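In the two complexes below, chain A is the common chain; its partner is chain B in one and chain C in the other.
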Partner chain A sequence: MTSEPIQLNRRRFVALGAAALAAPALAACGSGGSGSAKAQKGGTLYILLNSPELDDPATSQSLGISIIHLLHRSLTTWDTSGGGQPKVIPDLATDTGTPSDGGKTWTYKLKPGLKFSNGQVIKAADVKYALERSFDPALSQGLGYHKTLLAGGDKYKGPYQGKQLDSIEVQGDDTLVFHLNRPYGDWPWIASMPAFAPVPKASDPNPHTYVNHQVTSGPYVLTQYQKNKQGVLIRNKHWDKKTAAPGTGKADKIVISLNLNPDVINQRLISDSGNDQYAYTNGASVSAALLPKVNGNPTAKSRMVVSPSGALAYLVMNNRKKPLDQLKVRQAINYAIDKQAYQVASGGSVIGGNIATTLIEPGLNGYQKYDPWNAPVNGDVAKAKALLKSAGVSGLKLTLIADSSGSGVEAKTQAIQESLRRVGITVTIKMMDENSYYDTITNGKGDYDLHISSWLADFPSALGAIQPLFASDQIGNGNFNTALYSNPAVDKLINAAMGETDAAKAAAAWTAIDKRIQQDAPVVPLIYSKNAYMHGSKVAGFTIGQFPPYPNTLTVGTAG
Partner chain B sequence: MPESATVPEPAKVPPGAEEAPAPLSPWRRALRQLVHDRAALVSTALIALLVIMAVAAPLLVKLEGQDPYTYHIGLLNQANGSGPKGILGGMSGAHWFGVEPLTGRDMFALVVYGAQTSLLVGLASTAVSIIIGAVVGTAAAFFGGWLDAVIGRTADVFLAFPGMIFMIALGIVVPQAFPRWLLLVIVIGFFGWPGFARIIRGQALSLVRREFVDAARTLGAGPGHIIFRELMPNLMAPIIVFSAISIPQRIGTEAALSFLGVGVPAPTPDWGRTISDATDWVQTDLMYLLFPGGALFLAVLAFTVLGDSLRDALDPRTRR
Partner chain C sequence: MLRYIARRLIGMAVVLLITGAVTYVIFYWMPSDPARLSCGKPCTPETLHQVRAYMGLNQPIWEQYWHFLEGLVGGRSFGIGQAAAQCPAPCLGYSFHQSMPVRTMIGTAFPVTVSITVGAAALWLVFGVATGMISAVKRGTWWDRGATLLSLTGVATPTYLVGLLGILLLGFQWRLVPVNGYANFTDGIGPWASHLILPWAVLAFVNAAVYARLTRSQLLEVFGEDYITTARAKGLPERIVIGKHSLRAALTPIATMFGMDIGLLLGGAIITEKVFSMQGLGYLLLQGVGQLDLPVVVGVTLFSAFFVVAANLLVDILYGYLDPRVSLA
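What follows is the complex of A and B.
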């Protein structure tokens, strides 16, 4: 990225692997799967969520398979039916985008005959307007990749004062041309994000209330919506199945219950009674304490789907603070950490996650298994002590800050504390409320020694795993280079890899960057966190692939 | 014991009271009654056990061959949510109370060391309350007038104050560097003084007009002498009774604060925090909750029963 920081999904950046809080993601098919009976058309589905509200497309940080896409279609979408890596496929557009000017300009043409839920024809100008409104300060929380990539986006403040963004060019009724400020190979993925879903200008007088009377392009419309309570989705009669991605829009009606306690959600799904037979969650992962209950009940066990992989949980060291600014001390901490203790604290290998050694998580193009430390899973205490000694550091005292609302935060932070106690480092755990925690780690002041984070890429490219966390322009201003890691050589490599439009070459470049960054040991990769989601006995098509670690809500249906 | 009456005499000699030829001192009498009170004996034994457990925690744990910090991941069932392997929370010859889910730390060590925190905070905060309450209460009674009024109203304000909320807020605001146990002692102790002060003021008021106080005053004793040498010794009985009754409350408050995450921080073992962690596991590893919960229950019960017995023995109105 250039000078402007990319704004990233804060909820995706879930402290301590509480990936359960992440914006609900939609569909994936493949390796982790149960309820594999074929999803039928019709019926009512129930989605049980811990999140309190539904998002406006502009404020959403959801992945391409999330609940928001039941209502809104973007230019492109994700095809997870293969079970491996998702593919980007056209949705409203006729193709995934035609690059020109070396990847700096991208052109899309809308499919003919597309209509909004109010019967109005969907035009290219509606997509342009939708993107423009995402620049309004009131709607700034959404995924922001396009905001830093579109030329002139840094100075644009949204359409509500009558200004337009010239780098989104509309040709006729159906053609969109995006002019970027740099070559960007992953733009087809960016075009799948919720902000690329059309919004008719006439229906959007006020950015704050649009969520309550959304005009939709997807298979459903929102008929009732009450924050903290529920949203009811019924069929959009203007949605044409022939233009849609295969397998979407099965159920006739979807009832989304909001703001439920995660344990309550899972207890209900274990019990599987009444309407809960038609229910599922993509937000409340089964907790470690509940797992024996699920495992002890064969029917419940068969209804739990565990993602093969997921968000990278990692220990962040403040690379600017003494003595963590010394490479040897950071290496020592890399050797000292007992990753297995962290894995166990997260619920174990089955639902907690697999031991991580790379920065790019499995399932992303560019992931290559390697281990720069070759230490046992529970650490190498002797080596860590020797490194600390040669760095001249003894009696080290460090503060680890944590978000008190994170799931299982006590056990996870204590696993780090105990790991470091073994090498003579005293860790004080400081619990903070969610808002002050995020402010502290993203304000760039570095008022901490350590914290634990969990990061899931926003689209299946290694770019999303590396650039937001390790590019030096991602320090402070609400961005997530919280290790305050800054290496001009790495910045240069990242910049080159971002412009690469050849997927294979880009993947190789990101793998090399992953290895290069770990030479500086700015963080300790802990585990690739898993999600374990339950569904009712009458839910079909509920599967989770390598990436993303969520079921595809677009293709889940009832089993009749 | 100095001076005449140590405990206010009963208003009336209860009918059927034995006519002792040589009257025992009230303290002796109380002791004799306690020795014959089975509940008092059992609770005293329990308290002694808890105190020994707390003081000798390092020894006991060494005897078991464990410590409260080391992880035993091999004893956890990773395939089933990382709870302990085996039945009853993983109880074995090596781990008498089993191991903790998610960490594999020794439960016996956690419970034994947890007694240190609970008893330390419970006893020390009571001492803080007594000292403040006794001084303030006696002063109010002795000097009377505006001082009495000010102290009385201040106590009212404190009693009406939502202490728990204040303690939680303080736990968040005070810098991490300040030792938590000390903060708990000070905060819980400070919020406990008005109760003591009121009771002691009431008792002291009835003593101030007694002859032995007048006598001391006539002989030229100053307020310091009268308060500390004449009044205090006679206030010992209510102080002891009230302390014994309030210790369990304080142990409970400490556990509650730790339960809410503003108590003693990890890794220092603490019953409240362990109970908080264990609530998630009630359905799948009950032992995790039973040991620290049982220890807390016994501690609170023992102090409460002893407090009742002490009141029976020392308070003349309830003397049998």
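What follows is the complex of A and C.
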């Protein structure tokens, strides 16, 4: 429910890209990281956020490198160091999980000697309870992949009415066995999600207020918390660095300011005065209006970090609507789109994003660079026209719906409109308010021809990039197969790849599925959208890896 | 007089009931589904169904409104067992997004709104009326034209522009005031006022203009009345002619407008609160609409409507005192 890495599903399904920045000629510094100084131990860090509140682990949609994990450790965590693809590594558990029964059962053992911030020993039952409470309708807002996978999860309504979920089996004090309703190879990533952070039952008499007095397992505890204002994190005395992921828990104290105006956040970071020298944001991407100011100030410019890649922005075609239900028409649109024009409308290659040709974004296991169309970046008008002609389609009129609050939405939609005008397709742009827009695209009724979307996987696996957007059971109900794409053969392939527990084999399978789906041309990949974040001059270790396009908050420290 | 007030109070209740009903109907007709926003990711039909039931969205709209009215009198609870959310009477609704009763949220937000309103209103009333008086007395001079220019600038400039410019200059450039946020009155009068001075000034600048124009035209009208000519002919000093005889007569429409403006502002200064990152009622309403948080929207709307309606009544009663020609019956 916040808008750092972390947002409500619709926020992260960012209409028209997360980083819409207007100056194509910007020379951004240090793509990926800045500040050569190494993060030191100690000191106070300040995090400036536009989000109004901190989350309960059960209601959080945070990625594995987000603020919630300063407080809570899950069974596994993400290692985004090294610049390559992120790796899943053990956190509370001794390893990333042992599959059996062909990937339908996963077993974890907790590291010995782990303690909560209240001194209590962390037991397997605390993880089980934490997961169970995420099933209560009062705590339903979080990432819920586990809820769809744990056997019997569809019927379970949470522990507060006295029932347990039997598919989470506890053996002794330290062993957890998860029984899934299907083989699932990416369970180690799922086990990194916030709901897998232990919650001691005795400390949770009221799920509505747990967030205010949460018992933590991470490097910090929340000492003061005022919604809309701030949260103060100080060291958790019972956190043992030896059991934790490398590089975490550097600062002594972290002050999180909440609910700030995004422009104010960036102004403060540009000004870099007083405590703001120790401040950073992972929520307010630098806006187009502020870019000239950052560019005109060399020290500010050196403190802006641009992600190397990011969410896939893509043009969605309604695969069920005539004549978009014809493959040739969708292929024609794929040839017709001027991706470079879209890139310019998004802020250019340096800061807007790189041209996309795949469905899986860079940084995910399974990403392989390829281009099914081999068309120039400006599109291939002749081929598109020929395809339309052979499909017997002429004078085509399409409606593109868009979220009017999306950044740079006019320029982006016009780039699409202009692209298609070249091949004789007339596009009418229909702006909608944010809520109506999301409802229209996710209710499964398909009252549109085209819309532009942006998708970032919830975990660094190609599964997270493909299955939510292209599996046929993800149509409607607030889910995101908004192309209404349904191909039983592809469903079968997705199903098989989801069960693959060997990472290399799974990666190969997802690459093949990416290519297979693009043969059906349900969407047009546009760009991999970048994000740009500022930090103060005394902040170190502020880096953005291949995935996700956000700084790793767990390893940021002060520069002394 | 008492009968008049009783009649008006009944009228108030009816207006508030209708306001609440209309808010419910508008929300019901919107295409979006609040349960879908709270369903998590991914969202399954089973979870969606459970969330709908928990939020009470599976009931017909009239039943939802009826339960709301019941809650006002007797309190409500949502959900079953230990996880049930309690909303004691008078329950203005329960926000599932924020996991707290709407009344608690209003309780936190209202002092912010009152702080903004009181300071800003005092400023604009004093400056507006003073400017209007100068303009009227010195009609046609450079004073008058200067004041007119200033007023028109105020009327014509949007709050957010003045607000952001103020933050940029006074906050970032000269560092005279905090950039944004709100400090409680209990944190000390210094921090409280320093956080509020900019929003006060901005609201006063934007609003004072209208008061200046109104005061000017009212005074000029009164100046033409026979009794003012008489007062002058009697040799009364100009100070008394303007301050006592003219201004009092000109005050009635100003009081009307002032009452309505305060009533409106107590319902939340949406743009000002947004610009200065202050979490008053306006912010609450905006957030509620953005998150499809119907209970918050209904609660805040009714609370705000109450002030507008109450201000109306108060102004009408005040008329009797300000202008002896008006009698209430």
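Just so it is clear, the second predicted complex is superposed on the first by the 534 of 560 C-alpha atoms of A that agree within 3 Å, B and C clash if a C-alpha of one lies under 4 Å from a C-alpha of the other, contacts with A are read in each partner's own complex, and residues count from 1 in each chain.
Simple rule for what comes next: contacts are C-beta pairs under 8 Å (C-beta built on N, C-alpha and C of every residue); 3 or more make two chains touch, one makes a residue touch a chain.
The shown structure was predicted, so the numbers you read here are calculated from the model rather than taken from an experiment.
Judged by the touch definition given at the top, the superposed model places A:Ala411 against chain B, while chain C stays out of reach. Of the two partner chains placed by superposition, only chain B is touched by A:Ile429; chain C is not. Looking at the shared chain after the overlay, A:Lys115 reaches neither chain B nor chain C.
Once chain A of one complex is fitted onto chain A of the other, the partner contacts of A:Asp338 are limited to chain B, with no touch recorded for chain C. When the two complexes are overlaid on their common chain A, residue A:Lys385 makes contact with neither chain B nor chain C. Greater residue coverage of chain A by touch, when chain B is weighed against chain C, goes to C. For the contact definition in use here, the residues of chain A common to its chain B contact set and its chain C contact set are 263.
Here chain C touches chain A in the complex through residues 30-33, 36-48, 50-51, 53-54, 78-83, 85, 96-100, 164, 167-168, 172, 179-181, 274-275, 277, 279, 287, 290, 292, going by the rule given at the top. Taken in their complex, chain A has these residues touching chain C: 1, 8-10, 52-53, 61, 136-138, 140-145, 147-148, 154-155, 157-158, 160-162, 205-209, 211, 227-229, 259-261, 263-264, 267-268, 271, 434-436, 438-440, 442-443, 458, 468, 474, 477-479.
Of all the residues in chain A, the ones that touch chain B in their complex are 263, 287-293, 295, 338, 340-341, 343-345, 347-352, 378, 399, 404, 408, 410-411, 413-415, 417-418, 421, 428-431. Chain B contributes residues 69-71, 73, 76-83, 101-104, 176, 261, 265-267, 273, 277, 280-281, 283-285 to its touches with chain A in the complex.
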